[in-house]
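Order of writing sets the chain letters: A, B, C and D. Residues in each chain are counted from 1.
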Amino acid sequence: MSNTFGNIFRLTTFGESHGPGVGGVVDGFPAGIDIDQDFIQHELDRRRPGQSRITTPRKEADKVELLSGVFEGKSTGCPIGFLVRNTNQHSNDYDNIRNLYRPSHADFTYTQKYGLRDHTGGGRSSARETIARCVGGALAKLALKQIGVEIYAYTSQVGNIALEHDYTHYDPTQIETNDVRCPDAEKAASMEGLISEVKAKGDTIGGIITGVIRHCPIGLGEPVYGKLHAALGGAMLGINAVKGFEYGRGFAGVSQRGSEQNDVFIPQNGAIGTRTNHSGGIQGGISNGQDIYFRVAFKPVATILMEQETVTLDGTPTIIKARGRHDACVLPRAVPVVEAMAAMTILDYYLLNKTTHL
Amino acid sequence: MSNTFGNIFRLTTFGESHGPGVGGVVDGFPAGIDIDQDFIQHELDRRRPGQSRITTPRKEADKVELLSGVFEGKSTGCPIGFLVRNTNQHSNDYDNIRNLYRPSHADFTYTQKYGLRDHTGGGRSSARETIARCVGGALAKLALKQIGVEIYAYTSQVGNIALEHDYTHYDPTQIETNDVRCPDAEKAASMEGLISEVKAKGDTIGGIITGVIRHCPIGLGEPVYGKLHAALGGAMLGINAVKGFEYGRGFAGVSQRGSEQNDVFIPQNGAIGTRTNHSGGIQGGISNGQDIYFRVAFKPVATILMEQETVTLDGTPTIIKARGRHDACVLPRAVPVVEAMAAMTILDYYLLNKTTHL
Amino acid sequence: MSNTFGNIFRLTTFGESHGPGVGGVVDGFPAGIDIDQDFIQHELDRRRPGQSRITTPRKEADKVELLSGVFEGKSTGCPIGFLVRNTNQHSNDYDNIRNLYRPSHADFTYTQKYGLRDHTGGGRSSARETIARCVGGALAKLALKQIGVEIYAYTSQVGNIALEHDYTHYDPTQIETNDVRCPDAEKAASMEGLISEVKAKGDTIGGIITGVIRHCPIGLGEPVYGKLHAALGGAMLGINAVKGFEYGRGFAGVSQRGSEQNDVFIPQNGAIGTRTNHSGGIQGGISNGQDIYFRVAFKPVATILMEQETVTLDGTPTIIKARGRHDACVLPRAVPVVEAMAAMTILDYYLLNKTTHL
Amino acid sequence: MSNTFGNIFRLTTFGESHGPGVGGVVDGFPAGIDIDQDFIQHELDRRRPGQSRITTPRKEADKVELLSGVFEGKSTGCPIGFLVRNTNQHSNDYDNIRNLYRPSHADFTYTQKYGLRDHTGGGRSSARETIARCVGGALAKLALKQIGVEIYAYTSQVGNIALEHDYTHYDPTQIETNDVRCPDAEKAASMEGLISEVKAKGDTIGGIITGVIRHCPIGLGEPVYGKLHAALGGAMLGINAVKGFEYGRGFAGVSQRGSEQNDVFIPQNGAIGTRTNHSGGIQGGISNGQDIYFRVAFKPVATILMEQETVTLDGTPTIIKARGRHDACVLPRAVPVVEAMAAMTILDYYLLNKTTHL
């Protein structure tokens, strides 16, 4: 709740966009895991601003320092504190929004809820908080690697440009070959073109990220209020700008018949599998060993470099035009965040599932 | 987690389809609320089987008994225990599934996770558990009524038959005028026809339920991991058969530009409102006072009265044909469940929000 | 928190002294445990009123009904609901206290906190709630038996009459041989005499219960805020009438030197043990495999059959004289409650500890 | 649980004695509170080593940096991250204990539980972790000051030297006038003499700290598993070296009669109070507006500068003699820690209590 994510594996985060830094504490991390700090930094670099032509030109070093919980290269089972210093704030960029509410931003709701707000750079509501998610996710990935779980995500739609096939059609090794993080090179080029076009107008555009979890152990999920897909969905919906989540056949499956959508059980590699996987790897809220796949809808981000009507803190109509350096499309940088939330969820439920039996 | 829903308002449920009964405990319910037991029973009756031609013909009385926490008609602030006895089980209907796994049911995953399962009527994975949700939701509604929050849901799509307009176009008082719980009488008739057709074949069909929360106080939501829509989405995804959740413009909004989707702030009734409400009443994870609206995707339920391939517990291929009395489409009976989960979420976050200030 | 005890193993209870009944839900109970219902009832009978001359003469059957979570004699991993109906309330006994506050009871604080109270029989603050603790504790004991953990408690002091030796001196099989539940027959007789004497005057008397946990696995405890002794202490302090908790050398050890109190490590049965056990089986908040022992202080219960000054709800001075059937000393009946809280704590931490490693 | 303390106000801590630093995150802190950073540093200085002749001569600057959650001098309602860098570690002091277990330390249990341990300076089990508690406690005190709650603690016993009277007899303004933090100057001198004597021998000594909470609002406490005194007791028992907790008449009261110990209600300053306060300000687990007072037993700390028997990691007997700079008696420096835990508990329950009514 609030600033803690997870039940057994728990990430608690802090930090604002323009304060001293962003960080967190990972508690409940299993002991004895090899902590590869280069990998953690690498994951963080994947969400870093300024990494390509289509992301914001802000240059932020975003170097993570681990403050505890690791001894001679291994996790100790004690909490892992970490900190990423903010280094490249232009707080003056925000002087003009101190006394007004940016449309579709959290300015109004934070002010109403808390009675005051840190207006610089969005304060706590800034997507800069996802730094801490990426560090937590990288740690989770290091643990999951030991049990063979594989997690990846990719941009499957930008604006109206959408991949035509489901995830089984694409090679995940192609995701990082382009700036959009889309495994289809041709579509990626179109998406990049669209983003550039939108950006040139000072506008923004949304899209969809597809996530895949492979080799998930059977049995993860805690019915009835901790179903695995409900936890995944809640995790994804908590990412900035997300407006929807679906898994398996999702919204498209509602017009099917049960006889079409049911996944028939069959013998599979000496165990029990399913002939199809419309369920998306989860039945009754518990993983069944098939691939888990899901889609996450991102709205176009609210910060546009165009004039908009709004009101001041006291309700007087005015005009706002944002300054600063912003992403026209957040999806490329949100891909690692989706992976991070999935990794933390799976590790958390893996640990929870260990308590099912004495 | 597991069988407890909520943070401050907490519903903990128990019970299987064919055991002695289904019940729960509501803890953290505010003191001094008038407890209208007829209203609670009425809400429960809305999900009851056998209430119309298009639902399962099982006749279950489903009478709720409140066991504690109410004194002389008012809530005392102490936990409210309740119990609904099971009265009409035909456990023999399930003898034939004892040794096999029904396709797309939880049979396989429960057996793998727990090492054994109660096969009668689906055991804990049965939608009969939603009885407890409806009781919890009815209590939450009684509290919310005192602060003016209004919650309703309706069937907006069955199979391919979908309402054409958004919720603002429909009159909620029309929802209960037909068996499908759809506010458009003509569409309702078509949906009912489709359900009957599917049912005649022993098949099932999915659909979409739209939920609306009106007059929600500003300020509900606990960023960054307890955003209001993430909590709502997690709650909805935990309902049996749900495969997707979206709010505001949802998936459709991903192809819009930021300049189209942003909700401009304007003076409104002496306060601050928004000209449009593409955000769906929530910004930065916190309610902004506008209507909250969302859509929930239900797959066609897995129990079909047709022959299907499957395997036995030891993996041998076999054929299953379900017996028993089942819904061809769960949406009409799921409408009160969606409302219940929304009501409990809003009350929980209302109470949480009281701790924002000293 | 509030009416839920535990982290993984979680007991949620409900019920008032004079309502329909007392019950609860045990969630997170491991799957596949043999559920011996006679044992559960037997544990409940140990706290039952009217079981001996020195307890209250109220006759309450206190029959427990398990409502879920057990299938063909084994726990399913799903929540175990249970209910004990109230059968022998004399609510009229309480008419005279409706409008006043009984000294040192919860009447005043409940009324101030909640704005109203169920005055009959103490309502929720009645020790009758410990019925649910005994059921939860009996379930926990059934699980712990499978891993060899042994838990017992006994009355070690009543008023000024105290056992002279520590727990290692006494044979636990002697505890149930007398009504006081004290393993020293001679002291037990003295204690029983004192209780009878106090009872004859309509007064009450306190005492101390000693608890012992043997064969606790090494490694239980979650530093730094979930230390095993802190969890045990919090659990014991939550029992009605408890005013103090100490473990190991406790309060008496504060005047020792470190060189006297330290427990030197030695080879022990092929493993590592300690020569002495002043620590009480816990070091750094984690069990070390030695016996865990602790003491719990109970005040004399507040209900005395003598005239006392008090005030009415509006603050007017008046005189109260309790009627009804009450215990002059709660310790004999509190022994199983202490065991229950210890058993639930140990099982909970045993399950938690399973998440320490992948 | 584990490294998070509290329910609404939640402190999550991290850090080892000889790692980069100790820090934490305070979540759920009320918005709009004036954050006096000098006061926070002052509270931290009260637990600092090297502050007087009777504490360890280690000189640690222990400067706290607030990393988030404060904007223009006020709390924003967002999480407050903080960090205290370690600056004066002599890790070489610990080379000799790498391969053995110090008697009555957490070395053995940490190694058994986690499979490895950070042996330098006690790692996570070091009392250096209480730095984070003092920062959290200082923040809690800043909030409590606004509602008039006053909290203080003092050393009431060292070894056999004990104050003769209860807290009502002593002037809290005298506590900080001596190095022992005892409000009776004469006793303080004796205690200081005893500590010096013990220290000269390389030995250690325990004692008792008394805590007092005044002007606590009526109604704090969440029965039945979140009783206020159970929360306080659990909090105190979690402090390093604590072996016992009692409140009100505590252990001494067990030999009283109910007629002696009951607190009669009387009209008091236009409201309702009690003539005596044997209950210690809490009835039925809920504060009644009278002073809350309690006592906390500290064992002599385990690190002594004398030869002791022990075993190596593989169980071979050996001799250990600790080096380094240690406290002969932790009580003077533990006084602010007791206050901190009390302050965080009271603020947490104050916030929780706000959810009792709509």
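Here is the rule we use: a contact is a pair of C-beta atoms (placed from the backbone, for glycine too) under 8 Å apart; a residue touches a chain by one contact, two chains touch by 3 or more.
What you see is a predicted model; the values in this text were computed from it and never measured.
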item	value
Pair with more cross-chain C-beta pairs in contact, given B-C and B-D	B-C
Chain of greatest Cα-centre distance to subunit B	D
Rounded Å distance, subunit A centre to subunit B centre (Cα mean)	26
Whole-Å separation of chain centres (CA-atom averages), subunit B against subunit C	39
Geometric centre distance via CA averages, subunit D-subunit B, whole Å	46
Sites on subunit D at which at least two other chains make contact	2-4, 13, 28, 31-32, 77-78, 113-115, 124, 223, 352, 356-357
Subunit D residues touching subunit C - in the complex, by the definition given at the top	1-5, 7, 13, 101, 103-106, 108-110, 112-115, 124-125, 129, 157, 159-160, 198, 203-208, 218-219, 221-227, 229-231, 233-235, 237-238, 243-251, 253-267, 271-272, 274-275, 278-280, 282-288, 297-304, 306, 308-311, 315-317, 352-353, 356-357
Partner subunit B, residues of subunit C touching it in the complex	2-4, 10, 12-16, 19-25, 27-28, 31-32, 65, 67-69, 71-72, 74, 76-81, 83, 113-118, 123-124
Sites on subunit B touched by subunit D in the complex	8, 28, 30-33, 77-78, 143, 146-147, 223, 350-352, 354-358
